[in-house]
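Each of the next two complexes has chain A plus one more chain, namely chain B in the first and chain C in the second.
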Partner chain A sequence: MRSSSGLVVRYALLALVNALAVYALMALGDLGMWKGFTAVLVATVAIDAVYASGRFVPMKYLLPGLILLLVYQVYVVFYTGAVALTNSSEFNQGTQERAVNVILAQNERRVEDSPQYRLTVLDKDGELAFLVTDPEGEVFVGTADEPLEEVDDATLDDSGKAVALDGYTTLPYADLIGARAREITAYRVPFSEDAGDGSLKTQDATNAYVYEPTAVYDEAAGTITRDGVVYTADEDTGYFVGPDGAELTPGWKVNVGLANFTRILTNDDIRGPFAKILVWTIVFAFLAVALSFALGLFTAIALNDPRMRFRRLYRSLLLMPYAIPAIISAGVFKGMLNTQFGFVNEVLLLGADLDWLGDPWLAKVSLVLVNLWLGYPYMFLVATGALQAIPSDVVEAATVDGAGPWNVFRHIKMPYILVATAPLLIASFAFNFNNYTLVAALTNGGPPMTGAEVSAGHTDILITFVYELAFGGEQALYGFASAISILIFLFVGVISVIGFRQTKRFEEMS
Partner chain B sequence: MRWFKATGWRHLYGIALLAVAIFPILFILSASLNPTGTVSDTNSLFSNISLNNYRDLFNDPQNPFLDWFINTQVLAVCTAVITVFLGAMAAYAFSRYRFRGRDAGLTGLLLVQMFPQLLAYIALFLLLSAIGQVFPALGLGSRLGLMLVYLGGALGVNTWLLKGFFDTVPRDLDESAYIDGASHAQIFFRIMLPLVTPILVVVGLLSYVFTIGELVLARVLLGDDVEKQTLAVGLFGFISEQFSQNWGVFAAGAILGALPLVILFQFLQRYIVGGLLAGSVKG
Partner chain C sequence: MRRTSVKATTKAAALLAAVGMFAAGCGSSSDGNGSDSASNPGGESSAPAATGTITVWADETRTPIISEIGKTFTDEKGVTVKVVQKDFGTLKDEFTTQAPSGKGPDILIGAHDWIGALVESGGIAPVELGDKAAEFQDVAVEAFTYDGQTYGLPYAVENIALIRNTDLAPEAPASWDDMVATGKQLVADKKAKLPIAIQQDPTNGDPYHLFPLQQSFGSSIFATSPEGGYDASQLTIGDQNGIEFAQWLSDAAKNGVINPNVSYDIATGEFAKGRVPYIITGPWALAAFDEGGINYSVEEIPSPGGEPAVPFVGVQGLMVSAHSENAVAANDFVLNYLGTEEAQQKLFEVGGRPSAMTSVFEQSKDDPIYEGFGTVGANGVPQPNIPAMDAVWAEWGKTEMAIIKGGDPAKLWKNMTAKIQKTIDGS
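The block that comes next holds the complex of A and B.
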């Protein structure tokens, strides 16, 4: 019963996937990204094997999701671990070779009083070449591998500028500013066989100048000399370091083992803030779950009476805060909690002057209360469901046996509710442990702790702290931030395991 | 007095709670309509009404609200639809087939949930910057790239939930269809999917809601190009810098941003509540 049009579509899609894969493999090979190369190769072989044959039926349904899951969830967790063992940062990416190239390229200056060359960019089999005309009208051509060489058969325009050369294609203007602009501005043509003479570079694809290097790399010694100062490659820090300790940027990525982790534990300026933030993260997550569950459960009990009218209306209106994205609610409260003009101080508290978001303790209180406003409707829903799922005969039997309402609640209903909701409470704890959105929007971690070596605030939770380390500060410390991420991973993982076991215990009890 | 003891206090409590729940929403609605647009003048509700803030919101090239709104809706809808589809496929495989590695796969999906993808945002940033060297359309600053990240992160959670529902569909149904000559794809599309539509709607809705509110990954992975950003990232920009000046436009943006979700919740509440509770009871 297989339709032939389905077959056509299937093979067309497969062909498309394979074409993209071939392109990706070539590009990855060119860039020397062999991990990515292997991953694409394995994925493509798997896709072909699964979808071109009639076998592996379950894999036909699993594979697309599985690939996404492996790349964007499983791999990145392990990759976080790998990055945590390096000095990876904004300035420490890639290899030492790349760092050398960047440093040499950055330390160049135009040769003083050197002539301006009028430039035409050529293409030969995908490789660029520069066709230049010097002020005297002499014409030269050169590529990255072959230094400038005089030519006499170039086509000149009215101004005497060479615009075309046999065997080459002149790049159209659209390419100069579009598709190949970056390639062109990064391109350099050696002036002569002697590298010390410098090379031709262009910024605008119409004029080229001779640039000479001001830094020299000595590969054998592993040093870069700039303006007479010798910078030596330091394999421990991933930088070229001068005699006075100054570093050339960029550096490169090196393995530092557990240094990032020991830095958290042994550096006093980091350990102190880190410990405070860890404790606050746990307290915040615990309060967030406990308070919203308590309020949600009480509300569920209060509004779950069959005699009561408008129950559905209450429920649907009470859900409103849950429908609004946290980023928006947090912004609304940030406005209402404004010290000078906010509604809370000015109207509710009759002109009080409480610094709700700037005082270390009040900011914590604000976070917990705003989170309660956001979070209890969910717990209300969950608790309502759990209450309604309690078998009525059990409750009736207990009542017949003479148990009062409190005892029925305490000994019959509560265990039921906890069994039903325990997994969700644990999930909620893990969520609030990493509740980046609320903290970032309401207090952004502030007020800042004084005297900390890294940027840290009194209401920072671990994930906002990590964010500042990785993306907020002057230098993005990917390695160090990843080390803290790994600690958070471990913590959340342990909580989940405890949670699952706890759930099992509850289930055995009931 | 008897009325009070039975249901009266419940109403009083409910109304008090409603006041707390609704007031901030009225407050921000009032602020969005207040022409002055600063925090200081918005405490008397609905005293001045104008659409200034809304006009400003749509006429600021530095903060292209319309782009944010469209980006967010497209991203959230596509992510939701594909998430549901991928999740349903995986759930179908786990529910209906017995194959080598099935149990390990299910356990693996449980384990994966213990490591929230969110926490790996540094690695995701580095990964996407590497991918971008080969496929710029999937790298940093790409909305498509961000969607793939969301898709990868959603599967672990959804597969278990969906599998639970697929398991409740009697096997006789697909077995008899199989005997009648239906292919596995026909069974999946024509028999299974229609029967589990309610849970598909729930998973889709939750994914939609999640994507609209997601901040960290969108902020890290979409880059600095304001036209590519999402509503959450854009509104966060209003909040984090010069908030009191931005108050009016933020309020207007908050109202427009929240509106689709609030409406959705009112109309599809049955699905959402039902799904959350089903999830909770089934664990």
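The block that comes next holds the complex of A and C.
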């Protein structure tokens, strides 16, 4: 029998979880986010079922991880996958209907030299009317159906602006907010019987101007005609496209199937520098892991020796690079590597003239070295932990059997360390494979490859290269970027799987 | 300069995190109608009851002023103005990703070179300045015009100019060569460390600070279209004038006039220590010079290429979201409350940049600093606001840096033009 205090704590926690869930459900329901609503509901029911009853003991341990896995991994991957199948981009976000509305609104032009009218918005039986005063003090009234007509019995304020008219109610400001705001800004009062004279519209309900549309939408034909040019809705690209291929913006979101993937795989511009960049990415990620592991392990062994004094102090100091955010370190290094004024050339190398960040090879060296500085404290921590976990009797037994320090390290300690750290090394490889922050902050991919057809640099890794492709152009291409993320995800995934297989062999060996 | 966009995946994660926060923030969060600090005081009997809220995204500098003017708006119109402080650098991307889902503001402050992308993504709505347009500097209104429509109410104009240390170089330079000669003489006499400081990033270059010199060769990025504004379909950077500039840049670098290692910190730091006679920079660097006790003047950049060396002008302003559900109140607040001389004066005082409103700028001209920057800016060209410009910056800067570091100017320049064209065509 479990203690009663344990039960109390368990139910108190469950109650808390349920209370939070109810709040979240109410908030989500309020916002109309029904997918999120269902997800939270299912998760809460599952939590209650598992923890309130005593029947699913293994699940008690698995559930939190499972929920986090679903939320932060599975959902994100599927969401990215869904976006990758669309043309989603900065200019293609909403529906076609919204695109049409925006295009029409952007293509109304104020009639040149037309006056500014002071406006009062009126209401008659729920219908709007515009009461306007022109610069000469003449007063007109009009509605959507009846063009402007002069009136002389309007009530004027001190400035001569008409503010009320018999038979109409002047809308109080409170009515200009919310639902009616859209109605008012969409309202058009024809200037005259002739539609070609344009119509009055307002944005702030204080002034009105005469506008004429330069674009017309034909819903039946699915076309927009602007300045005499006909643009036809293209459901494949999500734009209204003109005869010369020009597109009206914004467009809308459509499914494009695998087009984003084929674009990556078949585009010559991307394929050109791709091989070079892929090789460098792998080399960079490998060197980043290998060098930082080597240095981290070396310092860990040195500081693990009991004869070493001030070990704690050294260990704390070693953690410094790890504690400083990479983006700041990269900025500092960028300054230190300045050819003429930098600390490295000026002081360390006594006035050398090495172009650390501008020469293709030196830039690569700089990147690896700065990454080493940032990465080895982590490896030091990991290796220290692994070293201390080695059973001392095994080491002693080997020593008694006559093994020297090198053989003890080579055949006893190293296998132990590798088994413990191999998964972390693989994770570190995956991290450095996508180490956007460091490359962007230190070299930004430069110096540029001069022969390349697209923007690519000698220190670009895959992620910085494709970031520029997806986000460096006229607009951010979310669908294309998602497709790239999925490919990189698959690539890193395959490397990790191979890596973990190798690790298994280590374990069998030891 | 470069935008950093939030990936769709991050957005999804953020959404889920938001769900969590809803749960965690139980009880303390507002109801979306915002019972914020800027809410209706309600003490005044004449004030109508608060019936709605408009949200403004502003940066740290302008948040207090806009909140203050927002209180007047609340008192007079009964609409609560909620000002949310945002980081200027990420504001545009946040707006682009959040506005379509209804989480954006009604009004945002921003730089004019964002508007092309914001218009083409359908994020912002036209703002009709009406007769008010005449109260603003031409360059400011032009900057906020896209495809024949205005999309914002400008408030500040920002640009670079030549700043001269009047102790080291008492005379305004008669020409570019005169300036270089004076600078070199001072270096030779050990009175200065650099003849002139034009900041460069050792990897990314700095096309913004070199542009006035490029412009003096008659080189532009895009052709201007007949209706005004730039035409993205006509990239002109690669023309003969551009190549001439590239050649000049190469020579100037060999001559030691343009130094690839003079970063912003070094350029402004050395000037603030009185070790550089001339620097091309903007008003943001002045505080450091004042601290260093430097006597300086602000003036036009001498032309190395024959035509006037005018800088890009950046204009800041207020824009209205096309997703706003309260467009009437948002436009009313922007045009009739933030567009007044009084409000513009306040925005000028906190911002410390020449005002976009002509009357406010004229009053500030008593101060030679504002007069200097403002006069140079009034003759400047608006930095292109078309989205294609995003495809230009990075490659442009890297190429200039490669030329400064001794690369073949004509070859690099042509290669850059081809790459930029590819990027524009590709997206």
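We take it that the second predicted complex is superposed on the first by the 311 of 510 C-alpha atoms of A that agree within 3 Å, B and C clash if a C-alpha of one lies under 4 Å from a C-alpha of the other, contacts with A are read in each partner's own complex, and residues count from 1 in each chain.
The working rule: contacts are C-beta pairs under 8 Å (C-beta built on N, C-alpha and C of every residue); 3 or more make two chains touch, one makes a residue touch a chain.
Please read these numbers as outputs of a predicted model, since none were measured by experiment.
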First, second, both or neither for A:Thr185, with chain B first and chain C second: second
First, second, both or neither for A:Ala174, with chain B first and chain C second: second
Contacts of A:Trp34 with chain B and chain C, given as first, second, both or neither: neither
A:Tyr72 touches, of chain B and chain C: first, second, both or neither? both
Which superposed partner A:Ala330 touches (first chain B, second chain C, both, neither): first
Partner chain in contact with A:Phe286 - chain B first, chain C second, else both or neither: neither
Partner chain(s) touched by A:Thr339 [first = chain B, second = chain C, both, neither]: second
Touched partner set for A:Ser455, first chain B, second chain C, both or neither: second
Partner chain(s) touched by A:Ala441 [first = chain B, second = chain C, both, neither]: first
Set intersection of chain A contacts, chain C complex versus chain B complex: 24, 27-28, 36, 71-72, 75-76, 79-80, 83, 88, 334-335, 338, 340-342, 444, 471, 478, 481-482, 485
List of chain C residues in touch with chain A within their complex: 2-5, 7-9, 12-13, 15-16, 19, 22-24, 26, 48-49, 51-52, 77-79, 96, 100, 117, 119-122, 125-128, 130-131, 147-149, 202-204, 232, 259-263, 265-266, 320, 322, 325-329, 331-332, 334-336, 387-388, 390-391, 394-395, 398-399, 401-402, 405, 407, 411-412, 415, 418-419, 422-424, 426-427
In the complex, chain A residues that touch chain C: 19-21, 23-24, 27-28, 36, 40, 71-72, 75-76, 79-80, 83, 88, 90-91, 93-94, 98-99, 102, 105-106, 108-110, 116, 172-174, 176-178, 181-182, 184-185, 202-207, 209, 249-250, 269, 334-335, 337-342, 355, 357-358, 442-444, 446-448, 450-455, 457, 468-469, 471-478, 481-482, 485
Contact footprint of chain B on chain A as seen in their complex: 1-2, 6, 24, 27-28, 31, 33, 36, 57-62, 64-66, 68-69, 71-77, 79-80, 83, 88, 299, 302-303, 305, 307-310, 314-336, 338, 340-343, 346-347, 373, 377-378, 381-382, 384-386, 389, 420-421, 423-424, 430, 434, 436-437, 440-441, 444, 463, 466-467, 470-471, 478, 481-482, 485, 488-489, 492-493, 496-497, 503
Complex interface listing, chain B residues touching chain A: 6-7, 9-11, 13-14, 17-18, 20-22, 24-25, 27-28, 31, 38-43, 86-87, 89-90, 92-93, 97, 99, 102, 105, 112-127, 130-131, 133-135, 148-149, 151-153, 155-156, 159, 181-186, 188, 209, 212-216, 220, 232, 235-236, 238-240, 243-244, 247, 250-251, 254, 257-258, 261-262, 264-266, 269, 273, 276-277, 279-281, 283
